[in-house]
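Next come two complexes, and both contain subunit A; in the first it sits with subunit B, in the second with subunit C.
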Partner chain A sequence: MTRPPQRPGGRVGVFGTLSHLALVVWAILVIFPIIWTFLGSFKTNTEIFGEHPLGLPATFHWDAWGRAWAKAHIGQYLINTVIVVALSTFFTMLLSSMAAYVLARYRFPGSRLIYLLFVSGLSFPVFLALVPLFLTVKNLGLLGTHTGVVIVYVAYSLPFSVFFLTAFFKTLPTTVAEAAMMDGASHTRTFFQVMLPMAKPGLISITIFNILGQWNQYLLPIVLLPGNAQDKWLITQGIANISTNAGYEADWAGLFAALSMAIIPMLIVYIVFQRQIQSGLTAGALK
Partner chain B sequence: MRHGKLSQASSPMALRRYGFILSFLAAPLVLYVVFVIAPYIQAFQIALTNWKGISPDFDYVGLENFGRMFDDDVFWQAVRHHGLLLLVMPLATIAIALFFSFLLNVGGGQANGRRTGVRGSAFYKIVFFFPQVLAVAIVGVLFQAILRPDKTGVINNALGAVGVDPVGWLINPDLALWTIMGVMVWQAVGFYVVLFSAGMSSIPSEVFEAAALDGAGRFTLFFKITLPLLWDTLQVGWVYLGIAAFDGFALVQVLSVDRGGPDNATTVLPLEIWRQAFTFSKYGYASAMGVALFFLTLTFAVLTLRVTRRERIEF
Partner chain C sequence: MASIVLNGVDKIYAGGVKAVNGLNLEIRDGEFMVLVGPSGCGKSTALRMIAGLEDISGGEIVIGDRVVNHLPPKDRDIAMVFQNYALYPHMTVEENLAFGLKLRKMPKAEIAKRVNEAAKMLGLEQYLKRKPAALSGGQRQRVAMGRAIVREPQAFLMDEPLSNLDAKLRVSMRASLNQLHERLGVTTVYVTHDQVEAMTLGDRVCVLRDGLLQQVDTPQNLFDNPVNLFVAGFMGSPSMNFTYAELVRDGSGAAVAFAGYRLPVPDSTFAEKPGLDRYIGKKIILGIRPSDFEDAVAANGNAAGWVRIPVRANVTEELGSEINVLFTIDAPPVEHKDTVAAQNDGDEEETTLPLSGDKSLWTARVNARSHVRPGQNVELVVDTHNLHFFDVDSGLSIGHEANVGR
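Take a look at the complex of A and B:
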């Protein structure tokens, strides 16, 4: 059945116009700072702070990008971050799906207790653990190392990932796994070859959630990778540091180039995977 | 050949089962206990000491740290800031996000018997969500440049064009916290637009159709139908934003003047914990503040669950 489009009560006029205006204004508020930053990376200082903040630069100066990449080490920080996040997301997914699978599918003494132990981690602010965590990492000789950061990222990603994936494994049908076991597959083999492929949608959501969360971490890097380990720094602390320096050296274009380098990869990844990212990030809230 | 029931408990099959459970749980559990659970417990212990970091020696001083904390003006300033954040930031974010998600999902009237959003809805949903994928620290640096107090800041430059004097967004102590809340809202709105949109799209369209047939306008549709049916999602959003109101570390640390300034006008507990621990090496005092933050968050969570509990509307 098709009906011609109709408007409720016929009141489109003022409300419709105003609401459209609000949407446009908010979209500009979101886009404007990002474009301004991007353009700023090609400008001279006088152009950046001149009369027309959104004007195009007279000539495109690429040298700020070179300064940010090499002199401000943004290239190094980006590579560090890719390595750390790739490793920590991989181990987060491996360990949390193993734990969640066992907790969701096997009954044994203490299983409920272990599940609650994992979930209880969701209700504590990480700032409470900050000092003892720092000391633990330091005593293990892992302060200022990527290994230390990866281990801590994995440990603190476990509560939510285990919570989410346990719920997800419980929704999967049991028959396929049982059939595989009847055919003589071991528990481990059943998990990796039957259950993990079936759990793909849940795994994708939670992988995206963890990649973004760990990529954007700021507190843990500045605590675990202090000033004397600057070659190990991650992108967020590198950017925060360069902004303090730009004030003294007046290299604003360099700062904007560094910001663009941090923002543009995220923008591209987001535009390509926006559907999965939106559902991945909101999945946690709706469970 | 089948074994009897009695021997099955220690049969190779049962052993393999327990071996499997152990091998799958051992690594995550050890990691989690050592790096998450143990530090949380140790924090309560360290909070009772006068540990100063530099030397390994410390004494138990009972509740002395807490006594000092209650006499500390900066602590109370930080608590007040959390109060204000909790009052303003979630309300503003939810109000703006609800308004936008209503426009984007229901506000466009009917087409072919289905309620749709206004034109360009898909585009707006993509754009609004984008700040959410940026790191808070990066957003902080971005807004530092935008909010500069003289005409070199973008906003003050624009205000200057219409004859308004430059505003000290971050250097005016009466304004700085509001500016920071504004940036928090800027970043958060998109997430809640998407969250509420998901909630709204699960409301059956017959509900809206029936209401529209009864002559309900947009305002009735919003307040009498969308809002009550979205209650569960709203509650989730409120809890998330409330927890965020007890954080604020990255943004305040990066964006504010003098990290929490001017004159502690923007400081928050996480920032004080970090400063006491890693600038002054006062591990005992920092942990006591951590305990205070934990109980504040817990109180908020318990109160929210108490107050917002309500009959679920089935549809």
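Take a look at the complex of A and C:
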């Protein structure tokens, strides 16, 4: 790594040290709870709340994972969540990239208005819309179904995705699209075969963002998947259920195991997708 | 292959800016036509209208025997090479070349044949499996070229395809382009702001300015008989020297007088330029090409029509084979709107430093044997057969066939 040249007074050096210090603190703040959660899932309740809450478990107890998976139905909820998030992320990405491409590339009356409508969705807190959302989904007969959740997730994720991808598509060279037009590609084909592959870094970033956001949703599933549809529940509901149902006999190890089960897929997603982000994917297109 | 005809083509952008104004141009079948002009003259817009990438605001574009005004680019059967290559970054060279053919549902064997032929022609065979990012600028440029060639279209459109290459590569690619056109014989429309490229590549060159056609002719004719001050100043490097002068006739014949010099005007000039005699006794703008000067010593005795003028060399630029001698003459610089426009490339704010004050800075291109040094007095000879005369008001070339009666 090359260090930036030092300016008079060493301000860069001080700033560099401080920023690295801040990053180290930040990393500890993020990593420590994850590790603690993970270790907690192998402990007994006494070990979690005993004299050494930060210590290693005496023996690794796997049975908490079994309890969470089978008894608390986390396995079922995990599969539900994977299905819902996969579908909603897919449709979010498909619809938002198409909308963003058109808004970024084509001038037509009202394009600005549509863009602003999308962006205004960003400023609208979803909490305010919970009751009307509940009623709408209920009237559609989709309450307690995964379809209802997927539709709401997609609608709720579109504003930011469109906002982000519009900016991204604007940075892509127009001439490549023009070259595709000259080569005989239709607008649709130009989009799917030329522009979309070029937008890969942006698409991956926003995909990760959407997967994480939708995976961690708690409020929306509570509203849209009520208690009488318990077999349709998502993982966040299942985890909450472990802690609320148990009362004084809380199964903390089971709770931690369930949390770990929710965390691990996200870590995998993040690591896999992060590798796909190759900056400068457009390198070679121009000049 | 086909001819391309533009009939009174207009392009008006939102806000009323007229980028192309009533352009009439016929590009013959198999011809290499170069559109040249300073930035913002509408040359690229004209090309993009032929390509179908810009709407046509008025007039008609005919390719072959079809009016293509409302046809999308893919139905015009033309291929375009972009300035920045515009390759598909996620496809290999082979896929880049084949993309257009695949879209036209061509059989696989035919695609492979054409791609291999083009790759062979352009020396890209060993790069077929590479992606554009792994190619050099010149190779990417050739891929862009190849993408046009495999299509075997009615016409090639090229938008400054060489301007992103370094100087040496540009010269060699220019030669390759010439060969390619010889071999394929496809109608080509080529846009550039570089008048050297225009001169060397074009069968004919079309000079544009502010969306208006100035002159279409062979490179040599543009150089020898520019229609107005703008074309005269734009074509040729170093550019033509201008000064205000007076055309006089006395006992010894006609002459042009400026800055204390007096150059006789041969009778043949009056014969070539009808209407020039009406300017006798009047002010005109005189133009002399740097290449129509020679060092009197190196010229070794002057032929008929060569007249000596003594000057003092301010600056000399030695180019090896010749020397550019920059000298001032005692006359205010010509600040006609046309000469200013021709020098202003749009990219640079100020092209020359105002070192010469209210005197005109002229350039003479003399033989390298001259050995003239800055600050020396030198005798130059001028070929008086190649003097150019322009009307002071209109800037039109006096006696040019296109201007007679204008």
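In this section, the second predicted complex is superposed on the first by the 218 of 287 C-alpha atoms of A that agree within 3 Å, B and C clash if a C-alpha of one lies under 4 Å from a C-alpha of the other, contacts with A are read in each partner's own complex, and residues count from 1 in each chain.
Definition applied: a residue touches a chain if its C-beta (ideal position, glycine included) is under 8 Å from a C-beta of that chain, and two chains touch if they have at least 3 such contacts.
Computed from a predicted structure; not experimentally measured.
In the superposition on chain A, A:Arg189 makes contact with subunit C only, while subunit B stays out of contact range. In the superposition on chain A, A:Pro132 makes contact with subunit B only, not with subunit C. In the overlay built on the shared chain, the residue A:Ala72 is in contact with neither subunit B nor subunit C. Of the two partner chains, subunit B is the only one that A:Leu219 touches; subunit C does not reach it. In the superposition on chain A, A:Pro197 makes contact with subunit C only, while subunit B stays out of contact range. Taking subunit A as the reference chain, the count of touched residues is higher for B when subunit B and subunit C are set side by side. In the superposition on chain A, contact is made by A:Ala180 with subunit C only, not with subunit B.
On subunit A, the surface touched by subunit B in one complex and the surface touched by subunit C in the other have residues 186, 281-282, 285-286 in common. Subunit B contributes residues 16-18, 20-21, 23-25, 27-29, 31-40, 42-43, 46, 96, 99-100, 103-104, 107, 109-113, 118, 120, 123-138, 140-146, 151-152, 154, 157-158, 186, 189-191, 194-195, 198-199, 212, 215-218, 221, 233, 236-237, 240, 246-247, 249-250, 253-254, 269-270, 273-274, 277-278, 283, 286-287, 290-291, 293-294, 297-298, 301 to its touches with subunit A in the complex. Residues 1-3, 5-9, 11-12, 15-16, 19-20, 22-23, 26-27, 29-31, 33-34, 36-37, 40, 48-49, 51, 53, 95-96, 98-99, 101-103, 106, 108, 114, 117-118, 121, 123-125, 127-137, 151-152, 154-156, 158-159, 162, 186-188, 191, 212, 215-219, 223, 235-237, 239-240, 242-243, 252, 255-256, 259, 262-263, 266-267, 269-271, 274, 277-278, 281-282, 285-286 of subunit A touch subunit B in their complex.
On the side of subunit C, the complex with subunit A involves touching residues 51-53, 72-74, 78-80, 82-90, 99-100, 103-104, 131-135, 137, 140, 147, 151, 164.
Taken together, the subunit A residues at the contact with subunit C in this complex read 173, 175-176, 178-186, 189, 194, 197-198, 200, 280-287.
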